[in-house]
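Following this line, the structures themselves.
What follows is chain A paired twice: with chain B in the first complex and chain C in the second.
Entry: the complex of A and B
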């Protein structure tokens, strides 16, 4: 029956077969689905539920497409607040501008700790944020149920995302290796005034201010007023968040390839 | 056989009610209330209410039954969330339709637009007054109930046409036209097939026709008439594969395109009422009504209301057959429908009349079986 109709076996012109054949097919289908129809009664049965998979997919011998652990499924985010370094990279990478960094308790008063707050009304689940997260603290889980009664509930605060994290759902693999030829942050030394802003705001504390020799004053010229320090960036710790570039008052830090 | 009948139940209920009412009233009022004529009047009212409630309940159950069966035919489950196994889903749907706004197209004729659905509904409901459900459970012993039922049954396309015409919509009008053409093509073979039954049973009375089948159900000897009748009923009920008047793919919703809310619900309910009547007619004419063959154990046919139980089982099975046809066959074209109606059905039904005449004469035919002799 399933084979394509060739020129030899055309549909019968016999009116009795014309009625009987579809009815036989329908009866066979009816008998087959009397035991168990193909539909999954969703709120009561879930594909990701292992007991359901054992009972139905395995017991009936019927493969159910996507019933396995979806290790690349992009659902609701999980946020580990403890390891978040407030680098802003998730918010930078978001194409829908649905991530806003909000203050969470835990930071010092001068530099409050900021974690992503995600508006699922805008989110397109592209996963760029979790790819960009240098610490692997923002990942995507297999949770897909997002219906809420009010629009405001679609905005997930960092605490709510942390609750998702604590459910220990399967999560996307976390990027650990950094590309070898990644751009680094370079310094244009003559412009630097040694203000310490970059070192102060670096989320990973990979910038150290080192003393530089104070040049001898030329005769007749007034000594420049500046702090004789210069930032030195530890590339292996740097997460390339660009915070230092954005806080630098003299625009002396820039992206470039380190020789 | 159940001793209680529809008359006795409603009469007993009415007299009990009125006597209870009369016992707390002063003398003259009591005499007025317990007047036999008043009791009979109330009994008729209760009788009508029971009929209405039973027919509507069965119609809604029939929709549920179709949804569940069709679901299995399509490898799904059908309605299952509201109530047990989705039994209350149709009540929820009805409630939703009831709450909806009813509006009328600008150029529509209000008289036809509003009377059409109501008359369609009413004519479909009237038939239940003449259909016997079990021994004693019928509205009367009219001698021509079969003729009356078929006459009322074929009345409905007129109101379809009225409502289609007054909707002032080309799709509605096309659907109404198709409905009228379909009725003319299929009314004739149905009546001719029924003539075969009448010949064999020797009566126009549905109750008599059922009792004539106590030994042999008519579906065996009159199988040709049964096929013609079932096909004609499918066309009369406008179900797939003969649902041309409301072909969704081409005519939006056919003659009920312009209807919404409760008016649409009227059409929907009346459609299923007609489907119920069609199934009941098939059971009454060919499947022995509420009687069961003699080889069925007596315990299965002698419990209270056994007749109604078996009658309902048969009716729902026949409707299941209609659902099976609906799940299998595609919609036919208008020319195919008319050609089958005029070129195939009418000769077949004439053949069935001939076979019935032969059967009545010789009592038994090889392969087809026997029929009880008329007057013998």
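Entry: the complex of A and C
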């Protein structure tokens, strides 16, 4: 703006005109809204239903087709228990700490299967958990009606989230791509004792324990007591959940760039 | 004893949020005012200190509930500077797209609330109706209508869906027609003009002295807009004018905001055309691991991070719909920001209330404070 804008000439001082002019604009809109309402009768008509959405758009003269990607909506989560690998990434990525991993039937007694339980009293619907889910089993759906009578009902168990999954609501289709040059989990060989903890707890079974040669004992030196195995991590299967790092008793696994 | 202090707030239709304006009155005249903020303080700066860089974004949307994108952009910029990252160019344009649509949505929200403050009901409905179109657009690519959580350190979460730019053009065309209608309703009405002319005057030197920024400053005739004066994101590659008015009163603020919306439409048309022509990545390539799309726990090697990653500080200033917002992020090499500090424009704008309220009548408080565009979420943080 080259020069400051100033209010244009004063509106008419004529008492009829100065009321009539703005009212004419309002009256046009009012007349339009009588035949074509700009709103919908919510519980009976819903915006996620394209027919109503179109009707509202067409009727009120608004551009048609705006905001039609309703599937992107971030609502209640859907969990496919069958494909969940219990990697814990959803719980780790949650800024509100509303996800707790609880045991569900299906795992073996030594390694129980754990799936996310979400407390919607705390959830902020940021979608970080479904972005983090490496298997795509935790997604967000378009369900947005959550009113309950008791607080305990706000906590959705994995089974309840699975019920949401089975309703076949549209899932949020936007997937965040995994970066190509992601850091990998590396091993510091001198520290490893070959205990198998990482391989045992890996949710994707991408760690195999390979035999390594036992060095010949030098005279006068005590032989290190360990299992002569070392973990080898398959980077393409690894989901970078860090479970192996947290279970490693010797802290010999760490994040780094694979050469 | 003809003088007394009254509380306008914290629960009052004028406040548009949770704050208290203490007013010293003598009959109808305002003798002194004392704004009290802090009712909505949530400690966002402190909470940010134990969250990952990306997780702070969830707080930014709740900082200002009518301009979430502007605050996301503000934080993201300083976090990127602190971490030494650069977003791809397409992400910068997408951020401008978010910012400018957000400016329109915020100004429409202001318009709706402001005209209702001065007693006009129909423009309120029009403002809210038209803002909904912008929110629909936001929902189509972020998945939410108010709390977007869309920007990421190093870019944005996802690209806009196919066909988005056509929808955006439709909305821009439609909005341009509506701005004419708004002016007919307000500027064309003598009632509006009699009410708002020469009301709440705050001259440019007072604005500067009290740190008042944004449309209030530009309404006083000072041409100051961070998008021009300190270009960030893609603003240096876009053509637009800074809206300036000279009468420094409520009408001038109305004019500036209306002109800003028109300029936003102008910027958005360029951005949408650019997005059509330049596909590309929206997230930076080499991000530190915990900033990559899927989060992984730090595990027990947190001590290693401080050795591995560079330290730094970041400062950014963004022309938010309400004024100049600033952010300062200190990165000490860990996975969380060491300190985050924000400067809220509205805090300064309403702190100067004594300058533009004293001398007017009690009945003038709602239109004057309405023209300031108060968003308490960012005042108290």
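Observations
Here is the rule we go by: the second predicted complex is superposed on the first by the 213 of 259 C-alpha atoms of A that agree within 3 Å, B and C clash if a C-alpha of one lies under 4 Å from a C-alpha of the other, contacts with A are read in each partner's own complex, and residues count from 1 in each chain.
Convention: a residue touches a chain if its C-beta (ideal position, glycine included) is under 8 Å from a C-beta of that chain, and two chains touch if they have at least 3 such contacts.
What you are looking at is a predicted structure, and each value in this text was computed from that prediction instead of being measured.
In the superposed model, A:41 lies in contact with chain B only, and not with chain C.
Touch criterion met: A:183 reaches chain C, while chain B stays clear of it. Touch criterion met: A:74 reaches chain C, while chain B stays clear of it. When chain B and chain C are set side by side, the one touching more residues of chain A is C.
Once the two complexes are laid over each other on the shared chain, residue contacts for A:25 go to chain B and to chain C alike. Of the two partner chains placed around the shared chain by superposition, neither chain B nor chain C is touched by A:109. In the superposition on chain A, contact of A:126 is made with chain C only, not with chain B.
Of the residues of chain A, those at positions 19, 22, 25-26, 29-30, 38 touch chain B in one of the two structures and chain C in the other. Interface residues of chain A facing chain C in the complex, by the touch rule stated above, are 1-2, 4-8, 10-13, 18-19, 21-22, 25-26, 29-30, 38, 60, 62-70, 72-74, 88-89, 92-93, 95-96, 124-128, 131-134, 140, 172, 174, 176-183, 239-242, 245-246, 251, 254-255. Of all residues in chain C, those touching chain A in their complex are 51-52, 54-55, 57-58, 122, 126, 129, 133, 135-137, 139-144, 147, 149, 157-158, 161, 163-164, 166-167, 170-171, 173-174, 181, 184-193, 197, 221, 241-247, 251-252, 255-256, 259, 283, 285-287, 289, 292-301, 304.
Looking at the complex, you find that chain B touches chain A at residues 69, 71-77, 80, 324-325, 327-330.
Considering their complex, residues 19, 22-23, 25-27, 29-30, 32-34, 37-39, 41 of chain A touch chain B.
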